[in-house]
Amino acid sequence: MSVNTPNAERQIWIYTQMLRIRTFEERVKRTFTDHPGVIRGHTHLADGAEASIVGSLSGFKKGDAALATYRCHGYPLVLGSDPKAAMAEIYGRVDGLCKGLGGSMHLTDVAHGFLGTSGIVGAGIPHAAGAAWAAQIRGKEEVVLCFFGDGASKQGAFAETLNIASLWKLPCVFVMENNGYNVVTTSAQEDANAAAGEPLSIKAKAFAMPGVTVDGTDPLAVHAVVSEAVARARAGHGPTLVESKVYRLSAHGNIIAPPGVPLHYPEHEAITVFGNSAEYEAALRGDPVPRFRGILVQNGILTPEHAAKITSEVDAEMQAAVDFALKSPFPTLESALQYNYA
Amino acid sequence: MSVNTPNAERQIWIYTQMLRIRTFEERVKRTFTDHPGVIRGHTHLADGAEASIVGSLSGFKKGDAALATYRCHGYPLVLGSDPKAAMAEIYGRVDGLCKGLGGSMHLTDVAHGFLGTSGIVGAGIPHAAGAAWAAQIRGKEEVVLCFFGDGASKQGAFAETLNIASLWKLPCVFVMENNGYNVVTTSAQEDANAAAGEPLSIKAKAFAMPGVTVDGTDPLAVHAVVSEAVARARAGHGPTLVESKVYRLSAHGNIIAPPGVPLHYPEHEAITVFGNSAEYEAALRGDPVPRFRGILVQNGILTPEHAAKITSEVDAEMQAAVDFALKSPFPTLESALQYNYA
Amino acid sequence: MANMPYIAAIDAGIHQEMRRDPSVLYFGQNLATTENHEFVKEYGHNRVRVTPISETAEIGIAVGAAMAGFRPVVELYMAEFMLVAMDQVTNEAPRFRYMSGGQVKVPLVLKAGYGFACGWAGQHTGTLTNLFAGVPGLKVVIPSTAADAKGLMATSIRDDNPVVYLHHYLLTLEHGEVPDGEHLVPFGKAAIRRAGGDVTIVATGWTVGLALAAAETLAAEGIHAEVIDPRTIAPLDLETILSSVEKTGRVVLVDQATRHASVSQIIAADIVEHRFSSLKAPILQVTAANTTIPYSEPLEASVLPTAAGICAAVRKVCA
Amino acid sequence: MANMPYIAAIDAGIHQEMRRDPSVLYFGQNLATTENHEFVKEYGHNRVRVTPISETAEIGIAVGAAMAGFRPVVELYMAEFMLVAMDQVTNEAPRFRYMSGGQVKVPLVLKAGYGFACGWAGQHTGTLTNLFAGVPGLKVVIPSTAADAKGLMATSIRDDNPVVYLHHYLLTLEHGEVPDGEHLVPFGKAAIRRAGGDVTIVATGWTVGLALAAAETLAAEGIHAEVIDPRTIAPLDLETILSSVEKTGRVVLVDQATRHASVSQIIAADIVEHRFSSLKAPILQVTAANTTIPYSEPLEASVLPTAAGICAAVRKVCA
């Protein structure tokens, strides 16, 4: 392991953050059954990607920024956002991170460096580059982390942006979370590199940019790769494309239905569409959260008691988030017209 | 040279087509001074790219299609369009290829396989892929040639389309005419690969597609590379990206000015913007048209007398085109409203 | 006649045309990913394909395939996703026939949902109809019933021009009687959903239901509203609207879009030019508030047009 | 005051703001490619950059830089080129402040020419104003004089919201007196270009000149037209327009766009809702014909609005 391997305390921090994301999102998912109608629209979970998210953000410094997609619950929790405010946003309440105006797809917490999330595939990639240009001009060695999916790399915005980022040596790390699917489409069905058995990080060659593929279910591996990319960016040597291979453990999102139909999370598309339970079950067996806990326990970094304590603290934290969010009032109707113009 | 090197007669045909394009466009350019006001808007010349155009199209068969950009005068002339109709179109006359509705940027001649030209950078690339899908469905081993500039490869449409074309194994050859400039911007200023000293054909790696760079001022080299790509496409093995390196010998286009200001062609941007006459003059010395004539004469394929005869025939042909176009009437005003809907 | 939901009726329209015409193609994201997909099974992968998330290429490929003799239908899911490819929609597809002096035609259908105001928040719930309505060469279809969903889809596919077919997401599961067998609904022919002589209400998509509910309430008050659903907004059946205005002299226009992005303003402007002398009152528009759509449920409801809002506007013009 | 062409006045507006505010950035295609470029020389490559032909990334980068505290001005040349990036223009830039509950602001200027009807044919000559006019969160500016070109650019840059700044290509070389030193023209304040009591003509951009020419002709016939130039169409100064209508009761609206894609229809619809009782005649719109713009000179001229067309419309409403 590289010199910048996180120490024991930091590894516990990483595990704790992973568990916080997982538990938060389990509460999101349960809301559909426990409190029908409280979450509306489309909600996307990051279960399976926690190691990638936390490993990527573990070198985040004040002044850095992160931007992501509609699948955006995990990042702000790691960066310091209050899960109460995050849950309240997902419930459309006035105490939400975005005062109930944005919802699950658009979590934003500028105070914690989480700059904005677009629901349009690929659209956030240039936003990240723009923030990186700002950082470059400020000259304080700040970096921007840009998260997006494998499918997004087939949107023109991806190619256009990576070319400019490379050309301008922007301090930006492009983290592609490759979960193997774009909704119900597998990568090999929609990506020429994947169809040819190549890693998606090979796309970096079209932008004269380093491209690396990493096991996104191993937070320390992600940490190693992303922190090297971050160091490169901070040093003014430009961006890196990191392909982080994960598996999403929930369906793409909750079902899409008009009002009146109760929403829920269906089974993963590997099962419902492709009849491939084996694939899904293998992924479940590799679930990064219990796996990393196991490794920490095995390595003597975490005792089972400490692990149980973390679990119960996190459970309590997320229960409190649900309780808080359920009690938070709806915004006033006037606020619906308030933030269109600055 | 490869087995499919064109025979002597075919080489003379190639040279003749190159000269026809050059002479036609010299007449276009002269129109700005000889007949001010007759050409309006924006006109783009292919001088310097003739070898690439003719070399690429020399294996064109009935049923194949070609699509290009606003820089589109050359292709239809090679494919069999009447230069009279092409010139009349550029003059906005009723006998024009498009009845005067399209103009210089939108030459189209479906009867000769020249399917359409978009003035929006990159926009024609997916059109070519769509035509290639049509060819694939028809299953007659027809191919589509898609021409575009180096600058266009930084438009999202390029990346999106090449991925799909590769994935679907579309019978399409993507010919990027790299003339080193996007208007007044050099490739190294706007392309990360170019800035890194890499060929632009390396972009093919992002699409698991073969990528080749060829000297676009050598028609036989282009012929060899493109016909191999065409053969691959006809055989159902999918698309190829060909980077054909040329140098445009005129400015990007005529000056851009509102009505009242007489239009003309300024000097090349290498001179006017970058003060780099040396670069321009070197390119002039490598002018593919006289050079290929010289090679043919040297190789005994063309006698000086034959060359002179071709020149005078082509001169006469293009003079006739100008004469015809000048005499062709303007379209009736009603026709302005005629072709919006089928 | 079969009773079926709007969403099934759209598919029925596509099937109708794919069966009769082998040049019809159907493709887009997240469809046809297995051999069990109903369209793949019936028409095969040559004609039915899944694409990457590449709307510019998808629509551009449709343009090229159309110029080369096919009739592509592109599944786009949400109208907003066309925004990344607006050049292909508004500056490529509808231009090529014209610019080529009639040499090519570009028959294609861009199928996209819109107006999904049920918690989809700021970027997925737009009513983008007017972006397309004014583009020469483009036709724009907005069915409000299951029967029209089928018949207008079939007509869209047969039309030799590019057509933007906008289905309303909130109507997805609304059932209706749909003619069996070949069913075509002509373009440019409005439907009078309810006859009445006191006031003309023009509404489209999901707001047709609001208008009909309002008309019911108003009838009880003795105000008889005529409710017109243009069904296609390009071409727009101005004639039917103007005839109604001649009769009623009073007009309320309903649109789910924000006011300055609405089709209702197109209609208002046409009426005041062509039937000014028939008008007895201001033309009122009932539209969404001028705002990005908020996520929170009560806020979302508060910014959309309502039946009560329509009633209020009608009472005003009939006062 | 200095006499300068419209195009120089735009640059003067950018300079004014770049000098006073180091957070203003200026970038786009085909500018700043040498050290001799006037903006590079003065502000350096950190703030002035050339981009590839990548409008989606260019505008998206502007959005990101704006959220991160800068004020980017993107040079786009022709409004059509925004079509490949419409999502960034209409569904990203104007949404982020709202969706974040006011946490960010997105001050940026998208500078683009439009209406270049002089042989640029089907894809480069559009008048795309109305695509932007109805989008909540977006402001839209269309200067018609050199002085406004400067002052509205400066205001656009200072505004804390995304602004689409549409300059008219046919006006490029029109000269006008432009205030020296700091010059700002407020948004939402129409200019009355000519006062008159008989009829209200509203026109924008290049058509303001047509309207003034028409007004001159009409004056000789004893018809006194008031010519109003809204200058910004979002926000729209309806008040000035409505006051004029109260006085004249007669309205002709001029727009270079095709009718159903025009801003004139927005204005017509607003007038007939808010000042119906003042109206004495139909509101006529003088717009481009419903067609892609033809290349051929006489055809192109035949499909555009003309001063004669405006005169004819005015005579009709004043009859």
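Lettered A, B, C and D in written order, each chain numbered from 1.
The rule is simple: contacts are C-beta pairs under 8 Å (C-beta built on N, C-alpha and C of every residue); 3 or more make two chains touch, one makes a residue touch a chain.
This one's a predicted model, so the numbers in the text were calculated from it and none came from an experiment.
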Farthest chain (mean CA position) relative to chain C: B
Inter-centroid spacing, chain B versus chain A (mean Cα positions, whole Å): 46
Interchain centroid distance [CA atoms averaged], chain C/chain D, Å: 29
Chain A and chain D: spacing of chain centres that average the CA atoms, whole Å: 40
Chain centre separation (chain B, chain D; CA means) in Å: 36
Residues of chain D engaged with two or more neighbouring chains: 51-52, 54, 56, 80, 83-84, 87, 91-92, 94, 98-99, 121-123, 136-137, 290-292, 294-295
Per-residue multi-chain contacts in chain B, two or more chains: 98, 100-102, 106, 118, 120, 123, 154-157, 160, 163-164, 167, 190-191, 340
Chain-level touch network, classified as line, ring, star, complete or other: complete
Complex interface listing, chain C residues touching chain B: 25, 46-47, 49, 51-52, 54, 56-70, 72, 84, 87-88, 91-92, 94, 96-107, 136-137, 160-161
Residues on chain D engaged by chain C in the complex (per definition of touch): 56, 80, 83-87, 90-92, 94-95, 98-99, 121-123, 126, 130-131, 133-137, 234, 236, 257-262, 264-266, 268-274, 276-277, 279, 281-285, 290-292, 294-295
Residues of chain B touching chain D in the complex: 39-42, 89, 92-93, 98, 100-106, 118-123, 151-152, 154-157, 182-186, 189-191, 257-261, 273-274, 330-331, 333, 335-337, 340
For the chain D and chain B complex, residues of the former touching the latter: 29-30, 33-34, 50-54, 56, 80-81, 83-84, 116, 118-124, 169-173, 289-292, 294-300, 302-303
Chain B residues within the chain A interface of the complex: 154-160, 162-164, 166-167, 190-193, 195-196, 198, 202-203, 205-209
